[in-house]
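Reading through the C-alpha cells given below for one structure.
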Amino acid sequence: MSAILDIQDVTVEYSTGGTIVRALDGASLAVRAGETVGLVGESGSGKSTLGSLVGRLLPGNARYPEGRVFVDGHDVLQLGVKELRTLRREQLGFIPQDPISALDPTMRIGRQLELALRGLPNDRAALVGHLERVRMREPERVLRLFPHEISGGMAQRIVIAMTMARSPRILIADEPTAALDSNVRSEVTKLVFGLARDAGTTVLWLSHDLRSVGRWCGRVAVMYAGRVVEDGPAEQVLGSPTHPYTVALAAADPAGVQPGERIETSSVDVAALAASFRDEEEVVAR
Amino acid sequence: MRLLHWLPGRLLSAIIVLLGASILIFAAVRSLPGDFAQIVLGPLSNEEQREQLRQSFGFDRSLPEQYLLWLGNAARGDFGLSLASQQPVLDELASRLPVTALLAGMAMLVTIAIGIPLGVYAGTHASTGRGSAAARIVSTIGISFPEFVLGCLVVFLFSRFDLGLSVGAFTSPTTDFGRGVVSLLLPALVLSVFCVAATARTTRDAVIGVLVEPHIAASVARGEPKGFIIRHHVLRNALIPVLTLTATITAYLLGGAVIVERVFNVPGIGSYLVLALDRRDYTVIQAGVLLATAVFVIASLLIDVLTGLVDPRVSVAKKGRGA
Amino acid sequence: MTAVIRVEGRRRSVLRRAWDYLASFDGLAKTAMWTLAVLFTAALLGRLFGLGGSPTAIVGPRLAPPSLAYPAGTDSLGRSLLPRLLEGVMTTLLLSAVAVLLTAVIATLCGIIAGYRGGRTGGLIMRVGDILYAFPAIVLAILVAAVVGPGYIAALCSIVLVTVPLMTRMVGQATRLVAQRDFITSAVISGVSTPVIMTRHVLRNISGTIAVQGTYALSVAILVEGGLSFLGYGVQLPGSSLGLLVQEGTLYMVKAPWLILLPGLILVLAILAINLIGDSLRDRFEPREARSLE
Amino acid sequence: MSETILELDRVTTVFRTGWGRGRSELVAMREVSLDVRAGETLGLVGESGSGKSTTASVALGLREPTSGTVRFLGEPIGGPKQRRARRGLIQTVPQNPHWSLDPRMPVGLSVAEPLAALDGSRLTAHAERVTELLRQVRLDPALAARYPHELSGGQRQRIAIARALVTNPRFIVFDEAVSALDVSVQAQILNLIIDLQAQHGFGALFISHDLAAVRYLAHRIAVMRLGEIVELADTARFYETPEHEYSRQLLEAL
Amino acid sequence: MRHAFPLIGGLAAATLLLTGCTGEPAGNGDDAAAEVAPGFLAVADESIASSGTFRAYLDYDTVEPNGLDPRTADTARSWTIMGLAYETLVNIDENFEFTPGLAESWDEVSPTEYVFHLRDDAVFSNGRPMTAEDVKGSIELLLETGSAWSLQLGPIESVEVTGDLEVTVKLSAPYTALLGALANTPAAILPVQEVRDGTVDLKTEMVGTGPFVPTAHVQDESWSFEQNPHYHGLDELGIDAVELEIVPDEANRLAAIRDGSAQYVFFNNADALDLLAGTPEAKVVNQQNTDFYYVILNSTNPDSPLADERVRFAVNAAIDRAQLSDLTLAGHGLATGVSPVSLPGACDPEELPSQQLSDEEITKLLADAGAENITLSLQTWNSESAPGKIAQVIQQQLEPFGVTVDIEIVDDATYGATFYGSDETAGADIGVSWYAGYGDAAMVSRWWNTDQAGFTARFMQGSPELNQLVVDASEEPAGEGRDATLTKLCAAVDEGAEQVPLMTRPGVIAYRDDLISPTINSNEGYGDIFRYVTDFRLKSEG
C-alpha cells in the first residue's frame, strides 16, 4: 500500500544572520492513509519543522538542500505556489499549538469561520452546525464573540471546526493541547481523533509527551536531532523502546514513576547522547 | 458597550492634558522676554500709555487671576482681542482655519493614499523582492527631508522654471475652492512627504508584525490566497499601529504647517502664529497654541475610539502611541 | 539537539572588538556612518585648522559661484561658504548631539522611574509627557525659543523639550517590559535595593531602546534645529547652522542656488545617515522576522 | 514536627480593575490557608487562573493580601520595608528560563547577587561561593563567565536554583520552575531539587500546573481552583484517595 | 567607506550642475536708479484708458496698537496703506517741496503763523463735505494723542477756524518742518464731527477724503479697497479697486511678480534688482529713501569703553560706509549724516569729521583712550535681513582696529527690551536699526535731542549744545543759514557718536511693465510707495 505522506531523507536548514541551523538532518517518515501517527520529540528535535514541511509552511529563511516530500503523490517541495495552495486547502489540515493566537484578534468568530469556509456552505446555520460538531455550547453566542473573549479550549474547538470542515486527507496537529488546561486536554484530543476517524483523515500528531501519544495513536515515531530515530506501533515503541533516547524519554516522565521511586536520569545525559548518536548512523526502524 | 468602559477615563485624561497644556501655554506666554506694552506701543510711547494698555488687557492682575480669567473666557469661546488687528482672536483664527485645515487635510489624504499602499507593499514583500528595499529606501529618504528644505527647493524650481503651478499667487479656498485646492497642491505635497514616508514605514513594520502572527500562519496553512489574507486579515490588524500613528501625524501636520505655510506663503494658522509670536500678540499666541494642542488631543481621542472599534482588545490601559 | 554551525570569535582587544562591532552593520548603515564621520571630520578640521578660511571673514565678491578659490561659492556678504558650511555642520551636529544627550539622560531617568516605580510619581511623569506631547513639535519649539530668546540655548531647550516626551514614553514602555521579567522579581526578593535594580538590571536591559530612540531623537533634533533656525528662532548670525544657512539661502535661491542647495543637501544627508543607523540599530535590538504569504 | 517556615491564614486577595461602569473585581485568593515547614515541599497545583501565581506573590511578600495574615518564621511578613530585613531568607526560582536571569550579566554574577545584596558588597567578591554552588547544581564552574543566552534552558534553570540557594534561604518558591523544560531535562531538575532540599533543609512551595511533577517531588499537595484550596493532603494519601471531585479529575488526566 | 565618497561626490556634481545653468547676467542696478523724468523712476502714461484692480504685494502689514487710527500710526507701512483712504492738508513732491493737498494754498504770514485755504470739493467717504472745523479738529485730535507724530508737528500754540474754508495755525516758536509734518498720514484730516460724537471709530474704520475706502482687511493677509465715490478727483482715477497682499517671504513675492499675480511689489532686499533679471516684463526700480540705518554706540554704561567719546568716534570712523552699502545693500545705500542725504539742504556726508580720519589716526585715537583691545557687544534684530548683515560687516571692519564685536541677533521684542527697556543702561554696547527720515532735513534729528526724545535715555547722554543745534535746525527757515546749522548738527552728531547715521535705506519696487504704468518718485520721505497711486494706469483689465 502506497503512503499518502512520504518524507524521504529531508534536510532543512535555517539561516539567520550568518548562522546556519540544521533543523532536519535526513528525516524520513512514511504514513499510510488512515493511520494515526504520533510524532514525539523534545524542543529542537525537529518535529515542528517536519510537521510544517508537509504543507511547505516553513519560514522564508528555510532551505531544503536534500530530500523530498510527497503528499498523495505531489512533490510538495517542487509545487508551484498555486498548486501548493490548492494542496493545503484541499488535502491538508493544521491544528496549531496556541489556538487563541491562531484566530484573528480583530474579527468576530462568526466572520472568521465564514471566511475560512468560503466555497462551502457558510451561512449562519452551517456555521452553527460546524460548531455543534465540535460540541460547542451556545454556538450562536460564540459566533458573536471575539477571540480574546473565549477560553483556550473553546478556541481550539473553533480551530478544529475550521480545519475539519473541509475533511482534509491529512491532519497535522502540533501539540494542540499543550496550551490547554489538563481537564480539557483529553476532551479536545478525543474530539480530534473522533472527527478524523469519521472523515477518514490521516493524523500526524506532534507531541513531546510519549505517554499520551501512546494512548491515542496507532503508531509512534520518535524524533531526535532532526531525525526519526525510532518508528513503530505504539505499544511496541512504548513497551520496549530500543533507541536509548526513547528509553530515556519514557523513563523521565514523572507521571510514570510510583510514589517513592526516583527517576533514573543518568541515561538522559543529552550532551553525551548527542555525541554517541552522531556516530550511530543507522536509524532504528522496524 | 466596550467603548463605554474606558471612554470616560480617556475623556478625563484628555481634559487633564488640555488643562495642563493651557497652564503651560499661559506660563510660557507670560514669560516671553520684553515688555509687552513697550513692544506693542513702540519706543516712542510713554509710561502712562503703557500702563493703560496693560490695564486694558488685565495685566495688572495677579497671574493666577489672569489665567483663570483667560480660561473662563476661553471656555465660553472668548479669547479676547488680537493686539495687532483689534479683532476678536477667535474670528482671526476662524478665518484662517479653513486654509490650514484644507492644507492638512490634503496632506493627510496624500499620506493615506500613498503611504499605506506603499507600506503594505513593502511589508508583504519584505522577505523577498527588491521592490521592498526600494520602498524602504524611499521612505527613509522621505523622513529625512525637512519640509523647509524641500519646500524651498520646490519654490525655487517652480519660480525659476515655468512648471505650471504658481507659487506666487494664493487663492483662498473660501473664495474659490477649486483654485484654493490648486494653490495648496504644492504645499500639501511638500507637507505630506514626511508623513507618507513615516506612514509607509509604520505600515510596513505593522504588516511585518502581523505577518508573523500565528493567525496569519493559520490562514496560509488553510491555503488562503495572498490577496485574500492581506485584504481580510493583514490590513485590519496592521491598521491598529497605523491608526495610532495618525495621531502623531496630525500633530506633525499642524507643526509642519507652520513651516510650509511660511515657505509657500499660505495664509493659515501656522504662519499667523509665528507672526503673532514675533510681535508678542499674547492673545493670539495663547489661543492659537491651545487650538493646536486641542486639535491634537481631540484627534488622538477620536483615533483611540476608532482603534477601539477596529481592535476589540483595546482598553484604557493601552494607550501607547507609536512614532 | 540541533546542529549549530557558527563561527566562534576569539577574544580580541577592545578596539578591535569595537571595530568588529561597527563592521557587523549592513552596508547601508556603514555608508551612513562613513558619511557622518566624513561630515564631522571635515567640520572638526574646519574648526581646528581653519579649513577653507575664517567663516566670518569677508573675502571676495558677493554671491560668486563655486570655484577653486571658493569651493562652495560665496554668500551675500562675500564670505566663503565653505567654512560657514563646516561651521554649520559642526554647530548642527554638536548642538543636536548635546541636546539628545540631555534628552537621553532626562528621558532615561524619568522613563525608568515611571516604568519601574509607577505610582503617583510615574503617573505624574507620564502625564507631563502627555501634555508636552500634545504640542505640535515645531510650535512647542518656537514657543520655547521665544521664551528663552533665539539662539543656541533656545535650540537646545527646544530640542530637549520636543524629544523628551517620546523618548520617556519609549523608555517607560521598555522598562515596564523589563520590570515584568522574572530576574527583576528574583532580585527584589533577594533584597536588592531599588536604585541598584534600576541601574544594574533595568538600565542595562533597556540600553538597546535608549540607543535606538536616541538615534531617532538625533534626527528629530537636527530637524528641529533646522526648522527653528529657518524660522528665525534658532541659531543666529554670525553663527552658522545648516538650518540658518538654508534660511539665508532662500533669499538668493534664484541668483545663487548653491547657498541653499549645499546646506540643504548636507542637512538631508546627515538626517538620512542618522535614520539609516537608527534603522540598523533597531533591526539589531528588535529583530523582526519577515515572512512571505506564499 | 519541624519548624513552620511560612503560614498563610485565611488569606484573601481581590483585584480591582477598570473605572466607572467598567469596574470589576476578581477574587484571586479566597480564604486560603496553608503552611510550609522546614525541609518540606508543599506542592500547589491548579489551572491557569486558579490563583497559584497570586499565592506565590503573597507567599514571597511581593503582594499584600486584602485580608488574612501571612507569617514567615512566626512573624507577619509585612510590606516592602520588612523585605529588606528578611533578605536572603526567602528566594524564588522563576518559571521562564529565558527571563529568570538577567541576559546582560554573566550568570556567575547573577548567582552572586543575593549574597551581595546581604552586605552591599560587590558582585565580583563572591567567586568562591559561586563556584561551590555551581558544583552543587552540577554545573561546570567555568560556566560562571557565560551569559544566559549561551546556556541551554536546563543549565539556566540550574543557575537560577544556584542563585536561590546562595544565601542558604529558609524558604524557596519554585514558580512553575520546570514547566518550560523538556521532560528529560525536567527530570534532572526535579531530582536536583529533591537532593538539594535534603542537603539544605529549606522549606519549598512548588507551584505547577503539572500534577505529575508535583506529585513526584512534593510532600504535601494543595489543589487550587478558582482562588480556593479545594484539597490539601499528604502526597501519598492524595494519590491513593483523592477526596475532591476536581482532584480526581486531575488525577485521571495523568 | 567605499560607499560614502560617491555620495559626497554626487553632491558636489549636483551643485555644479545647478550653478552652471543659473549663471545670469550681472545686476542691472544702475538702470534701476535711472530716472525717466527729473525726480521720477517711472511716469504713468496718462493717455491709457484704464480701469480695473491694482494688485500690489507688500512684505508686511500695518500693526498698530490703535488699529486703523492714523494719528498714532508709527510705521511707514501704516502711513502708506492709510494714505489710500486719507488725505493731508499739503502734499510733498518729488523734490520735497510742498504742493496743495486738502489746502489749495497757504500763506506763511510769519515764521509762527500759517493760514490754510481749503479746497471746497473735499467730501468724506461717508458723504459729508469736509469743513474747516474738521481740519482744526484733526490737528487738535492729533495733538491730544501725544504720539510721536504729534511731537513732529512742532510747538503749535493754537489752531483756529478763521473763515469758511480757512484755518490758521499759530506756533509758539518758528518751526520749519511744520508743513513736512502736516504732509504725512498721521496728520490726516479726519471726520472730526463723527469722531467726536462716536459714530466713527477711528480704530476700526477709515473715513477719509482720499481716493479709496477699505472694504476688507485680514490681518497679515490682505487689504481690499474700492473707490471712494465722493473723492474729489474721481474722474482722473485709473484704478477701480486696490488689492494688497501681505507676503512676508521675499521668494514668494518674487514668484508673484514673475507669474504676473502681482502688478506691483515691494522688496527690501536690494538684491531683488538682480533676481528679476530673467523676467523681461518685470521692471525693477530702486527708490531712494530718506530712511537711514544707524548704529547706537551706548554711552551710558560707565564700564563700557564706549563711555569714552574718543572710542565712540573712532568706532564711528572705522565703519566704511561705502563697503557697508556694497555688501549689504548691493551699493544702493548712500552714506548720510543725521540730515538724510537725499533731502534738500542735507549736510555732505563726505565732510563729516569721522570721514576725515585715516586708519592710523583711528588706531591712535583708540590707543589714546586706552582701548587698544576691546570687546563690544552688539545687538540687532532679525525680522529684516539687513541689520544682521550690517552688524556682521561692521564686526569685520572693526576687527583690524583691535575692536572685537560680539554679535547677538535677537527677535524684535528682545531688541526693544534691550535698548528701550527699564534698565538704567541698555543691555548692549552697540545696536543696529533704522529711522524713518521724513520729508524735512531737520525732522529726524529730533531723536538726537535728549530733551525731546526720552526713549534714547538708556543709551544716549547727549549734550546741551547738540540739543540746541537740533532746535536751531528746526526753527531756521530753509536756506543757506539752515544748511550751515545742519552741517554743524551733522558734525556734532558724528563726533558725539551716540547714534551714528550710516547710510540710507533704499526700497526696491518691481512692477509689471505689461500690466501697469505707475508713477514712482526717485526720492521718498515717508516710505509711501503708493504716493502717486492716483496717477497709476492699468494696461489690461485686472
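Chains: A, B, C, D and E, in written order; residue numbering restarts at 1 for each.
Just so we're on the same page, a contact is a pair of C-beta atoms (placed from the backbone, for glycine too) under 8 Å apart; a residue touches a chain by one contact, two chains touch by 3 or more.
Chains and their UniProt names: A, D = ABC transporter domain-containing protein; B = Peptide ABC transporter; C = Peptide ABC transporter permease; E = Peptide ABC transporter substrate-binding protein.
Predicted model, so just to flag it, every value in this text is computed and none were measured.
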**Study point:** Graph distance between chain A and chain E, where chains that touch are linked
**Key:** 2
Point to revise | Of all other chains, the one whose Cα centre sits farthest from chain D | key: E
Check your understanding: Which chain's C-alpha centroid is most distant from that of chain A?
Key -> E
Exercise for review: Name the two chains that are joined by the greatest number of C-beta pairs in contact.
Suggested key: B-C
Study note, to complete from the structure: Cα centroid separation, chain A vs chain D, in Å, comes to 33
Exercise for review: Just give me the whole-number Å value for how far the CA centre of chain B lies from that of chain D.
Suggested key: 51
Exercise for review: Would you mind pulling out the distance in Å between where the CA atoms of chain B average out and where those of chain E do?
Suggested key: 40
Exercise for review: Please set out, as single numbers or ranges, the residues of chain A touching at least two other chains.
Suggested key: 60, 84, 270
**Study point:** Contacts with 2+ other chains: residues of chain B
**Key:** 32-33, 127-128, 152, 155-156, 159-160, 217, 220, 262-263
Check your understanding: Tell me, which residues of chain C touch at least two other chains?
Key -> 146, 149, 250, 253-254, 257, 261, 289-292, 294
Point to revise | Interfacial residue positions of chain E with respect to chain C in the complex | key: 1, 3-5, 7-8, 11, 14-16, 18-19, 22-24, 249-251, 254, 269, 271, 274-275, 278, 327-328, 330, 382-383, 385, 388-389, 391-393, 395-396, 407-411, 414
Exercise for review: Using the touch rule from the top, collect the residues of chain D that touch chain A in their complex.
Suggested key: 47-48, 153, 182-188, 190-191, 194, 209, 211-213, 215-217, 235-236, 239, 249-250, 253-254
Check your understanding: In the complex of these two chains, what residues of chain C are touching chain E?
Key -> 27, 30-31, 34-35, 37-38, 56-58, 62-63, 65-66, 72-73, 76-78, 146, 149-151, 232-233, 236-238, 248, 250-255, 257-258, 261-262, 265-266, 269
Revision key, fill the gap. Within the complex, chain B is touched by chain C residues 28, 127-128, 130-139, 142-144, 146-147, 149, 166, 169-170, 173, 216, 219, 223, 226-227, 230-231, 243, 246-247, 249-250, 253-254, 257, 260-261, 264, 267-268, 271-272, 275-276, 279, 288-294
**Study point:** chain E residues touching chain B - in the complex, by the definition given at the top
**Key:** 22, 63, 65-67, 74, 146-148, 203-204, 217-222, 245-249, 251-259, 261-262, 383, 411-414, 416-417, 419-422, 454-455
